[in-house]
Each structure stands twice: as structure tokens, then as C-alpha cells.
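You will see chain A twice below: alongside chain B first, and alongside chain C after that.
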Partner chain A sequence: MEFDVAYLAQQWPALLSGLWMTCKVTVLAVFFSLVIGLLGAAFRLFRVPVLAQLTLGYVEFIRNTPILVQLFFIFYGLPAVGFGISPFWSGVLCLSLWAGAYQVENVRGGLLTIEKGLREASFALNLNLNQYFRLVALPLAVRTSLPSMLNTSISLLKNSSYLQAIGLAELTFVAIDRIATDFRAVEMFAAIGVLYLGLVVLLSMAASVVEHRLKKPFRS
Partner chain B sequence: MKVERGRPLVEVRGLHKSFGAVKVLNGIDIDVKEGEVVVVVGPSGSGKSTFIRCINGLESLTAGEIVVGGLVADAGNRRTLDALRTEVGMVFQDYTLFPHLTVLDNILLAPRLRGRLKRDEAVPRAMELLDIVHLQHKAHAYPSELSGGQQQRVAIVRALAMSPRVMLFDEPTSALDPETVADVLVAMRDLAKRGMTMVVVTHEMGFAREVADRVVFMDGGIIIEEGPPEQLFGNPRHERTKAFFSKIIH
Partner chain C sequence: MDVLIENSVLIGKGLSMTLGLAVFTLILSTIVSVILGVLATLPGRALRWIIHGYVEFFRAIPLIVNIFFVYFVLPMFGVDLSPFTAVVTGLTLWGSANGIEIVRGGIEAVPPHQWRSAWALGMRRWEVYLHVVAPQAIRLIVPPFTGLLTLLVQATSLGALVGVTEFLKVGQIIIERGAIMEGVSPAFFIYGFVLVVYFIICSALSWLSRYLERRLNRKPASKQQVLPSGMRESV
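Entry: the complex of A and B
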């Protein structure tokens, strides 16, 4: 069986719709995971009672269980207790929670590198804790942890292929669905491999633009 | 806020400070008058830094009282801490400028937050202050583009931008390259000439001799001896003072 380029051209619309779904889920989940990361890191750093402990437990739970188990728990488990949500939002929720746990650690790592002196200088200038966090600590922490935040986001993008298991019509689902009827596994997996690779490259480029802008103050 | 006539700007009474079981300050009593420059000297570990950190509420007091312009200074006292910190400026040993902000934005950050000023409204005054330390041309540079001495001068301006009535200096030249120390000391001397009330912890004895109205010698968490520089340097009364100065003045 030869590599059939014409077949791929014919399947292009289906692949494109899968690609679009993958992008939508990824963008939403990256956004929510960053929100979780910033909040969780703040809870941990400032030792907010209860919330800091909850964050710690959440991070440990996510890091020590398979993502597929988390996905099935959300998609099959939640409806059993009356919280049924669509495959799309199950996917977004799962990926957000999964990546959010890693982003908490990424941001926290960045915050830990900030010199103690900056905090004291901020207080001496009568900034309160909130202002210090927002205007001093966070911009510096994000700069430091940007590479690891990018890594987590790339993993999130790749892990979106798990969502085929709950029937969400993203890129991997489309490929498997087509292969079931047309048996063109080589073409299909090669095609989505290239598409995933392209997305990761795009994501990395976007991150390096952000990194370049944030680094500006530090060049001399 | 007006200070009652004749009442010292900074009043320290029976100040004790412990970190756990370690007693760092064992009863400090001192007044600083408006416009006075007090230089605090002493061996390392004598409690000098802890003492001035108590004055702007970076440390809570174990016992005693500090009043600055009628405001109680104590990290544990949230009620007066806000007002206190706008009255007391502080310059640290390692010029702690915000690395992600330009010189100008470093200076503007606190006044803008406090006065809810628009950036443009606050710029002229910041530029004026920068001129005092001869760094107007660096207004748009980032801290990493400045030498240590330049950064420290910006740190002085940043503290001045809050219009404090007292300036605290915690070994402001100790972390600097020797060739940039002089510029910082000149900036501090200029500030003193303008009548700023200053409490300075330093090992720069030349500065103390020239600028201080009063030199305070601390050891073991208490004030051993204090007086005009010529008296302390020339004719110290206490044995420990003598021993200290004989070691550092050649």
C-alpha cells in the first residue's frame, strides 16, 4: 500500500475541523490553567489558611494520577452525582485542572527566586501585600517561569489527544474515526503528527515573543 | 502632620528586640531632632540594622516604643503602619530597585499608588528629584543598565519621592564597588545639607566625621556612647568605643 496523498487531500476538511476543535480546547484550557496557576501559587506563597492546603492536595492528586483516569472521572463520574457536562467542557475542565497543577508549581518556583529585599523595599515604600504581588512579584516570577509554563502548555496541547476517549471530535478522534472506515493509518497518523508538530511550533513562537518582551528590561 | 514644637521627630524608648531566644536589642533610648543627621556605627552583629529597621516598622518590637512624628512605629501595629511608612524613607544595602521597571517607573510606583496620580502628573517632580543625584539622563534606563552606585542613588530618589520626613540608610555603600561609593556619599551629603533628618548605619567614617551631627556607637544591642563626631572619634570615653575606633581608623 503506497502513501496516498490524494486521500489526505480528500480528508482535509475533516482534519481541519478536528484541528480547529483541538485549538479551541487547548486555548481555553491554557487560559484557565494559568489562572489556576497564579491563584494556587499565591495561596501557597502567602500561606492562605485552608486554600493553601487545598492547593497542595490538588497538586499532589493531579500529579500522581493518570490523566485518563481524571478525564473519565470528570466525564463518567460527575454525571453520576448530578453534574453532567458535555464532552467539550469535560475536556476543557480536565486539561485545565491537569495543567493548572503544574502551573501552580511553575509560578511558585518563579516566586521563590525573587529576592527577599524586593519585598522589604516594597513594604518600605508602603506597598501592601496585594500591590507587591501584582506589581512586583508576579511580573518577575512570570518572566522566570515562562519556559516551564510553555512546557506545561505544550504538554497540555499534546494531552488533548486523550479527549478522543470521551468522543470529542478533535484531531486524534478524527484520525481514528477515518481509519476505522478507510484503513489509511499511515497517512492519517502522519498527517496529524505533522499538524500537532505545527501547533507546538506556533505555541513556542508565541511564547518566545512574550519572553522577548518581558526580558527587555533585563538586557543591558 | 505637625510635630509639637521642641518634640523630637523620632523618639525611641526602651527598645528591645529578640528573634526567638536571641536578644538583638537590649534597651535603646534615643531622640532624633528634625533636621539632625545621626550616624550609627558599631561592630557587625551589634544590632544597628535591626534598630533602624524597627523605625519604619519592618520589624515588630519585643518591648518599648518608637514614635515618629506622633506615629507609633511597630510592624504589629497595622493602624499606623501606612501613615508611618509614608513619613519614613529607607535605603537598603543592596539597592533593591525593581528590575522590571525603568528608573522613572521605579520612582513613580509608590507616589502613583498612594496619590492616585496619573503618570504624567508625577513625572516632573520625579525628574526634579533625579536631577539632585545627577541622573536625569538615566530616567528611561533599566536598573541593569546602571552601575551599583547609580542604582543606589536612584533608590535614594525613590524613597524621597514619597516626601518622607526621615530617611533611614542601612549600610547604603557596603555592597558597592569602591569607585562608586563616593557618588552615593555625595548624594547623601547633599540631602543632609537640604535639611533632611537622617539616621545612617554605615562604616564610612569619613562621612560620619564630615556630615553627622551626632555619632552613636552601638555594641551588644545597646548604645555604648554617643556624641558629636569630633568627641567620639577624637576622645572616646568608653573602652569599647576606643577599641572599635582604633581598629577601623588608621
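Entry: the complex of A and C
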């Protein structure tokens, strides 16, 4: 058995379409998870009645259950009670909810490091709560929590491979599908291994660039 | 509710299989993590880089790809694996990658003056590890390891994808049966039930991890963060 490069070249278009699907799902889910994270952190921090408790329960629940079961619940469980969603949007929903739980904690961690004095100063300057949050707290908090937020996003990218289980044609699905017909497992795994590693490294590098950029005002 | 009572034997089997996967993986990962984690703190630079590569590689590859790789590729080289062994192997590779970081972090968090004092007393390297470093590092290592166990229990659900009859797979079997016999899919209820059971097991473990952390670190050995960044979220 030897490593067949020609086979990989032939399967390249299929892999590329899988990669594109992985990227699409990841980007959408990262966006929605950040929205969830910001809202959830605000609810928790400002102790909005009911919503704050719900957020806490949601975070604990997501963290302490396997993402695969969450995915099956959304994709197979919800249609049974009349909420059928396509594999693509089930995937986006599942990943967003999963990563959102971590983003709540990431953003909250960042916001907690902000000194109380800043809030008092903002109110003294006649900013309202909304303005304080948007103009003062958030820009500072994002800087502190950025590394962990990007970490979560990288995990999200890796976890998009779970969508293989509901038949969404992303990278892992394409590979497993081809292995089932062509038995070229070594080549396929080498290919998707390199692609995933590449994506993760690329994201980590982008992360450090962004981090460096955001630190600019604080460098002497 | 009747569905659950009818299938209680099956559910019990599934749960014990999940537990088996988790326990086996935990034992193997612990052994690998401790050995490689200690080796990674030795002065040899080449060794440290190799272990670092191992850790980074298995943390960057999606876990599911990892397990599929073990399941599909190793048999091609003549290693015949049952689904159970394949899952344990795949999970161990991933679990130990995270475990190594915990062990290494725990050992490196022991303040350097402890080393210098031990050397000043004429202890050999292995004596320092055994009598000075280990007692201090263990209290830093145990809580995050319990946290890792939570993640391992969650990750065992991947066994369902390669045909291990663990808890999630049992849920799928019950749903299929129900759909055939009753004509209505109990998917919502059964998957909901599976989620709740996992939640109970894992929150208990998370609680244990937090409890141990408070308990073992009452004397502040070190305030350094031992948990490698991003580890809590890699499942």
C-alpha cells in the first residue's frame, strides 16, 4: 500500500467543497455565538431578573452535556415535536448554542476585570447604562477576553466536524464518505488532517495579529 | 415514561458501557500523561519539543477525526481493533494530550526555590521529584484532572458513531424501536432524557472538581493557573 497523490489530486474538488462548507458553518456560528455571548454576559452582569438565571442555567447545561447529544436533540428530537430544521441550520444552531455558552463566560470574565471607578466616572459624565456598556466597558473587556474568545472559536471550528453525524457535507463527512467507497483511508486522513491543522494554525496566527493590534493603545 | 421502564435493562447496559469507556480512558490517559508530563519537565530540549508536538497535534485535530482515524486506518496496517478499543485509543491520545499539559503545568508551578533547596540538601533529581515536587504538584493536578474526566465522559458519546453500544447509542436504538412499533418517533423525549442524564453525571463531576480545588488549595501552594488555556472547551 503506497501513498497515492494522484488520488488526492482527483478528490481535491470534493475536499474543497467540504472545506468551504466547514468554513461557512464556522463563520456563521462564530458570529451568532458572539451575539449570544454579549447578550448573556450583559444579562448576567446587570442581573436582569429571570434572564440572568436562565443564562446561568443555559451555560451550565451546555457545558455539562456532550455536544453530539445536543446536535442529535436539535436535528432528530425537534422535528418529532414539529420543529424541523435543515442539517445546515441545525448545525449552525447547535454550534452557536454550544460556543455561545463559553462566550458568555469569556465576555463576562473580561467585563469583570473592569474597574468600578470607570462606571462611576461614566455616569458622572452623564453617559447612560447603554452608552457606558457600548463605549467604555465593551472595548476594554474585548481586549482582555479576546484570547479566550478566539480559543472558543477555534474549538468551534474543530467541533464543526461533529456535523458529519447528521449528514452535512463538511470536510470530515466528505472524507468518510470517500473512504467508504474507495478505501483510501490514509490519503484522506492525511488530507483532512493537514487541512484542519492548517485552519487552526491560520486562526491562531490571525488571533495573535489581532491581539497585537488591539494592544496598540496600551504600548508605550 | 413507559419507554424508559421497558428499556431499563438496555439503558443500564449503555450506562455501564459509557462508564467503562470513561474509566479505561482515564486510567490510560493518566499513565501516559504522568510519564510524558514528567519527561517534558526534564532538561532535555529535544524530548520536550517532541512531547510539545504530540500535545499540540492532538489538541488541534478534531477529536472525531482522531477516533475515525484509529478506527479506519489502524486495521489497514493489520492492527485489528474492536470499536471499544478504537474509541479508548482515540480518546486516550486526546485525553493524554490535555493531561500532559496539566501535569507539566502542575510541576512547573512548584516554585524554583523548592528545587534549589532540595539540591542544596544533596537530593538527586528523582528524589526531588518524589519527595518534594510530587506532593506539591498533585494538589494542583487533581482538580483539573477531574475536570478532564468530565470532558472524557462527554467525549465517550462519540462511541455511538463507530458502533459502541454506549448510552447515546442505546438512546438511538430505543428511538428506532419506538418509531417502528408505535409509529411515532420518541426522539424528542429520549434525546432529552439522554441530555439530562449526561448533565447530572457531568455536573456532579464538575462540582467535584471545584470542591477538590477549594479543598486542596486551602494552603496556597501557588496561585498559578494550571489549566491549559482552552482546554475546558475542546469537546
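In this section, the second predicted complex is superposed on the first by the 220 of 220 C-alpha atoms of A that agree within 3 Å, B and C clash if a C-alpha of one lies under 4 Å from a C-alpha of the other, contacts with A are read in each partner's own complex, and residues count from 1 in each chain.
Here, a residue touches a chain if its C-beta (ideal position, glycine included) is under 8 Å from a C-beta of that chain, and two chains touch if they have at least 3 such contacts.
Since the structure is predicted, the reported quantities are computational estimates derived from the model, not experimental observations.
In the three-chain model built by superposing on chain A, chain B fits alongside chain C with no clash. With both structures placed on the common chain, the touch criterion links A:135 to chain B but leaves chain C unconnected. Touch criterion not met for A:11: it reaches neither chain B nor chain C. One of chain B and chain C touches more residues of chain A, and that partner is C. After superposition on chain A, the vertex angle at the CA centre of chain A, spanning the CA centres of chain B and chain C, is 110 degrees to the nearest 10. After overlaying the two complexes on the shared chain, residue contacts for A:118 are found with chain B alone; chain C is out of touch. Taking the two complexes aligned on chain A, the least Cα distance separating chain B from chain C is 25 Å.
Residues 1, 60-61, 63-70, 72-73, 76-81, 102, 147-148, 151-152, 154-155, 158-162, 164-165, 172, 176, 179, 185-186, 189, 192-193, 196-197, 200-201 of chain A are the ones touching chain C in the complex.
Chain A makes touch with chain B in their complex at residues 115, 117-118, 120-121, 123-127, 131, 135-136, 139-140, 143, 214, 216-220.
Across the complex, chain B meets chain A through its residues 56, 58, 82, 85-86, 88-90, 92, 94, 96-102, 109-110, 113-114, 142-145, 155, 158-159, 162. Chain C contributes residues 57, 60-65, 68-69, 72-73, 76, 150, 154-155, 157-158, 160-161, 168, 171-172, 175, 184-188, 190-192, 194-195, 198-199, 202-203, 206, 229-230, 232-235 to its touches with chain A in the complex.
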